[in-house]
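Chain nomenclature is as follows: A, B, C and D, assigned in order of appearance, with residue numbering initiated at 1 for each chain independently.
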Amino acid sequence: MNKKNYVLKRIGHSVLTLWLILTLNFFLFRMLPGDPLRLLFTDPRVPLEVLEKMRVQYGLDGSLLHQYGKYLLNTLQGELGMSFVYNMPVSEILVERLINTVILLLPATLLSILLGCLLGIVAAIKRGRASDFICLSLSQLLWATPAFWLGLIFMMLSSGFLPLSGMTSAGMTFDSLWAKGVDLMKHMAMPMCTLSLVMLGQYAIVMRNSLIDVLTEDYMVIARAKGLSHVRQLFSHALPNAVLPVMTLAALNLGLLIGGAIQTETVFTWPGVGRLVFDALLRRDYPVLQGAFLVISSCALLANLLADLFYKLIDPRIEY
Amino acid sequence: MTGVFRLKVFPILKQINKKGMAGMIILAVLVILAVLAPVIAPGDPREMAGVDEIMLPPGWDHWLGTDEVGRDILTLVLYGTRISLLVGFSCAAISIFIGSVIGLAAGYFGGRVDDLLMRLTDLFVVIPRLPLVLITVAVLGPSLVNTIFVIGMLIWAGTARIIRVQTMSIKKRLFVERARSLGAGHLHIIRRHILPNVMPLVFANTVLVIATSIYLESTVSFLGLGDPTHISWGMILHYAFVSVALTYGAYWYVIPPGVMIVLTVLSFTMCGYALDEVLNPRLRRRK
Amino acid sequence: MNAQPSILAVNDLTAEFRLGEIYYPALHDLSFEIRQGEIFGLAGESGCGKSTTATAVMNMLPENGRIKAGQAMFEGRNLLTLPEKELRRIWWGKIAMIFQGSLNSLNPVRRVGSQIAEVLVLKGGMNKPQAREKVNELFTLIGIRPDRSRDYPHEFSGGMRQRVMIAMAVCLDPGLVIADECTTALDVMIQAQIVNLLKRLNQTLGLSMIFINHDLALVAEICHRVAIMYAGRFVEMGSVGDVFARPAHPYVRQLVQALPLMEGPVNRLKSIPGSPPRLQETPRGCPFLPRCIDGDDACANQVPPMLPVHPGHYAACFKNKDAHEGNR
Amino acid sequence: MKKRTVALMVCMTFISLWMAASICMAAKADGVLRVGWTQEPRTLNPMGYDTIQGGMIMRSMIYDTLVAYDETLEPAPMLAKSWKVSDDGLVWTFDIVTRAKWHDGRALTSADIAFTYQYILDNEIPNFINYLKGVEKVTAPDPETLELTYTAPIASTLSDLSNIFIVAKHKWENIAGDGAVKYENASPLGSGPFMLEVWKKNDHMTFKVNKDYWRISPSIKQVVFVFFSSPDPMIMSLKQGDIDVIGSELTPVAARALSRDSKIKVVKTPNLYYRHICINCSDFGQGHPALRDARVRRALTMMVDKEYLVKMIHGGFATPGVSLVMDALPFYFNDDIVPYAKDADRAAALLDEAGWQMGKDGVREKDGNALRLKLLVISRWPEEMRAAEMIRQWWKEIGVELTLQSADGGTILAELFPDYKHDMYLWGFSGQPDPNFSLLIYLSSQLQKWNGAGYQNAAYDALFAAQQKAVDPAERQQIIYQMQEIHYRDCPSIVLYYMKAVGAYRSDDLEGFYENTPGGLISFLNRDNFTRLRFK
């Protein structure tokens, strides 16, 4: 199969998966016990006629199939419905939260990849020795640590000298943009460290294994035979190859990262998608949950697709 | 299904690395703790003391202190072992069953069946796990059975993929062809030829799935979607968080359950990797 | 031939590998020399130690291997005792390598041109434009369009990659090139191309070469002298004419008999019943004994040394003398 | 090579920025009050629907009402200077202040108020429609007068009207009635002491002071509500000084932890809130048949040691529950009622009398039907699960087997409506300054609505109607006393405890709070705190 066909097929699969996600998303929320509208208007003082009016407004009228069709149509037009909790379109809320989440996740991911790779490199180079054992054990330990717990521990440790919640200090005045940035950074420090640390282990393990595989490749023997220095062998020849699986993992990890974000954002009250999901869960804001779930899953799907294409296109060893 | 478990236990044990052994010992201890919890725990997890005994730091009467209603934390943690292990094993059983059936069917029948099942598997691989579990538990309502059911139902995809690949490679081998030519039914071939070869992998995978389940359950419980009538480690941490243990500086309330989660997940993972190394031919070369 | 000075002289090379905690010998007392402009063949079944010999001579055994004894004299210095810093000057500049899996010998994520230029800049003291110029020159030499130097390895065919590899090997005009299974996994036509290229380079550049291959027919075609290995030892060494026309060791004899008389399809070495001993088992006597048709008690007690059969022709067999005479 | 250098530089910059961050400090502006808050409102649209009590305070900062409450929860003047009611109790006449102004500078007149009420009536705004029940006609004869005509006298009129926020006619006449509930109201136009500046959802909400406020001018310049998802970070932030006050959401443990801090003052106030076990006594539902018998319910009530629960679970932060009117409303709270003392013998006797005999396995039974009950416990409050656990053990003493099931609000409601499938559930109940609402939830007419107990009693219904019309407070008090006695005898619910509102503030920084008004430091009932408090 040639490349073009492969890419087309892969995209086709993803579209199919997207449709499955949409369908799952729709029916999952129809499994709710009771009437979703009852959940929205828990106050029984609301007259029934008003309730019926609301039903139409929130798109909860008509047969299931009818609702499903309407849901698909609306979603494709980017309309994710109205939040039960906030009187505003879900898509608007999501966009704002996504930005906040990216502000947290991007540096956290970079940091975790950087540190994880470092740890992995050390382990791979010192393969079989004590430092390998330590690096590997540390990575496994971090991998097994729940983000929320690490967050709690950090919170306990940092109370007193770092802000514990939110993204900015509300009610503060800042002299400059710089001071504002500093404030953001202080708020970000703990959640970012938490996320980086729990993600780090995986990268370290993958980096180690990948690098060990690469180091035994012929081109590494050639690189050595070329009389290149160790540093040059590592950075110029081994790492560009070894880092490929790490990059793929980073893309595939998006889903896991979101899970981590839910935990850290909840613990540190960071106003991102993760906390949105948590709050929406507590308040049973189903349109928001539905929208957030769709966006999260689509992002993961896209990342998955891109990682796959990227990997298969760049690595000649993969057959189609 | 006799003959499926043709795992030779002792030769495998001999090959397991040191970390795997350490993991196994920890696990054995945990299982013993869980079983003997009522005997060794210093108190009753439901027993609450008066106002003057709440949030006590560790001391002689309460080795790990007390919580905000005066329960002994050591007791809670010991009983938590039961729930966490129960969740781990039950989730793994469900997920391994589904994963095996789908993996076997996809790998064995191939073609359209494979295509269809793999799309389904893709779906569950791609969807971020925690949000899906959280939302589904929220939709079904918080209870232990629901949590187990949901986690089990949602994490089988990895297992299915592994088993599919293994089944395909075994199917290609000659003896299956020969067995089929003798007119054996599909079920017979799967049972007699494929299952015994897939089982070791399933076994190693199960251990890893248990670790994932425990991890997920603790997160779900911590986020307040657990079953408050059953104390798991995640639940203890949830109580700690909502009862403001951090403000109180109650480190004794926060640290022990977390350590237990880490320890358990870690030892299951180490065992899993060690077993995988022994049982999975693909990984042997990395040793 | 004898008039040529030797470029590399190896004496009593012994190397071992670690498996778990224990070291097992992999090479036993190898002695040979390569002369200026000579193509020296190393042949034997896979696993017999050919490639190990090559890496041991260059003193670049993998981490779990070590040299136990011996010398490898190159330009008056013993490669086996030089520190890595010194060795780096010799590696590639003086001794270059070509590997079997040409796909894996080239770094898959870097452009082929840059991989060659890297050596030219770092070791040949050229600047970048000069290096680019030289790369183009080399590509012309091996018969590939110079503009393809900006491509990635996977964009080339197997044969082309091997030619690029050869170009890379000769780019610094080394005195010696070690070609380890450089034709394996290529089809016959391409093999012929490669062999012709190597021959041409040997003649035009006066390149010395260690040609490691399990395909005896190829070895016979390209090499001047040849050594046959079995279980980490030389079993026979001599000129191609001597070894192939008058094999003295029973192992070699069987190998040669299995060769087709006419030039025909590649013949793989698999027709001898039994298998060589594993690394972990070191028999006290002749390692070939279990598969030998005329071994006796003497063979079981002592490892036969390399005994001269004829001037310049040696075999490690107590029974070889008659064989040589008989073949006359 | 270059790419790597860039990446490295980015990382280095990042790390150095972060390190610099720990040195720099930002300054807190003067006069900014930062309130820690967990109940972020849904909307600031006064017509919008909001179940969350927390949103009321914010709306009351922006909007005024016709009448307000004073510190003892008695009606007090606000937009209405004074009022009078006709002798038949049907026509209310209000004198409207002349100084009131909208935030955009326009004058607020009785026309705006009349418009608001008419808008609610015309569009059946779910939020407010019940407060205008029985209103026949709304008129504004002149800018300073408002007249409401009722079809029947309603005792709770003033209290009802104090819940309705007055909106500007010139803004809302442009908003179609059927879109009113969903209207976003991003920049609310009100007449209150504060104006919305920013609302960053899930993060914070900032109000700035309305310098031209017609009543009083607050000394604080800004109020920031900082939203938290969970209490612990909020309380730690108060300790750290990142926020100044927590309204009313402290748990006993948190209060204990904070009261050790000399810079923080913990404040306990009565609250219009209790938690109860609502028992399904309906004869049409699917609940356990035994529960239809008042004697069984009384026996169960007897076996709940509320004093003990309060002591064990809520420290000193609640009082044992007695009747369905909260003790925060002393005028209507019937203190003649003596709570049942925990008495296993009496309870057992009651059960025997009702025909439930002790079975072999320690569970009572009647006609082959065992007395096994299920209690749904709202999952939001872990402490109530513990209370339920204790209750389970007490009931076991009299041969009642109880299973506990944790459930969220949606699950409970799904059990409740329309089939009344539950046995009983433990939930909270928020009352209003008028007892009307607390009484209403056991009316037959509230079946499928507020009446989760499925309780039906004609006498009770009649008394309710009577008190609604009793414009004379003393007369009304007597009727309401009787209703509480009926509830006490019939036990359609077990009122467990009246919860206190527990808040805390930085006493090193702030002063001037009213600390005795029901509802807590920051509450709709106590909205003048914002205009009253000041920084030291």
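Please note the rule applied: a residue touches a chain if its C-beta (ideal position, glycine included) is under 8 Å from a C-beta of that chain, and two chains touch if they have at least 3 such contacts.
Here the structure is a predicted model, which means the values were calculated and not measured.
Student: Which other chains touch chain B while also touching chain C?
Tutor: Looking at chain C and chain B together, the chains touching each of them are A.
Student: What are the two chains with the most C-beta pairs touching?
Tutor: A-D
Student: Looking at mean CA positions, which chain is nearest the middle of everything shown?
Tutor: Of all chains shown, the one whose C-alpha centroid lies nearest the global centroid is A.
Student: Among all chains, whose Cα centre is located farthest from the one for chain B?
Tutor: Using the mean of the C-alpha atoms as each chain's centre, the farthest one from chain B is C.
Student: Using Cα averages as centroids, what's the distance between chain A and chain B in whole Å?
Tutor: 23
Student: Could you please state the distance in Å, as a whole number, between where the Cα atoms of chain A are centred and where those of chain D are centred?
Tutor: Inter-chain centre distance comes to 37 Å.
Student: With centres defined as the mean C-alpha position, give me the chain B-chain D separation in Å.
Tutor: The separation of the two C-alpha centroids amounts to 42 Å.
Student: How many angstrom lie between the centres of chain C and chain D, each centre taken as the mean Cα position?
Tutor: The answer is 88 Å.
Student: Which residue numbers or ranges of chain C touch two or more of the other chains?
Tutor: Not one residue of chain C touches more than one other chain, so the list is empty.
Student: Which positions in chain B touch two or more other chains at once?
Tutor: Residues 138, 141, 224, 241, 246, 249 of chain B each touch two or more of the other chains.
Student: Would you give the residues of chain A that are in contact with at least 2 other chains, written as numbers and ranges?
Tutor: 32-33, 155, 159, 266-267, 278, 282, 284
Student: Chain pairs that touch, all of them, please.
Tutor: Chain pairs that touch: A-B, A-C, A-D, B-D.
Student: Which residues, counting only chain C, touch chain A once they are in their complex?
Tutor: Checking each residue of chain C against chain A gives 55, 58, 60, 62-63, 87-93, 96-97, 99-101, 103-110, 118-119, 122-123, 152-155.
Student: Over in the complex, which chain B residues touch chain A? Could you list them?
Tutor: Going by the criterion above, the answer is residues 19, 119-120, 122-123, 125-132, 134-136, 138-141, 211, 215, 218-219, 222-225, 234, 237, 240-241, 246, 249, 251, 254-255, 257-258, 261-262, 265-266, 269-270, 286.
Student: Can you name the residues of chain D that touch chain A in the complex?
Tutor: Listed in rising order, the residues of chain D that touch chain A are 4, 10-11, 14, 17-18, 20-22, 24, 26-29, 32-34, 40, 42-43, 45, 48-49, 51, 124, 126, 129-130, 178, 181-185, 200-204, 206, 222, 224, 226-230, 232-234, 236-237, 239-240, 242, 380, 408-411, 413-414, 417, 446, 448-450.
Student: Where on chain D does chain B make contact in their complex?
Tutor: Its residues touching chain B are 230-233, 235-236, 239, 251-254, 256-258, 311-313, 315, 377, 379-380, 382-383, 385-386, 389-390, 404-408, 410-411.
Student: For chain A, which residues count as touching chain D in their complex?
Tutor: 32-35, 38-47, 49-50, 53-54, 57, 82, 84-88, 93, 96-97, 107, 110-111, 114, 155, 159-175, 178-183, 185-186, 189, 235, 266-269, 271, 275-276, 278-279, 282, 284
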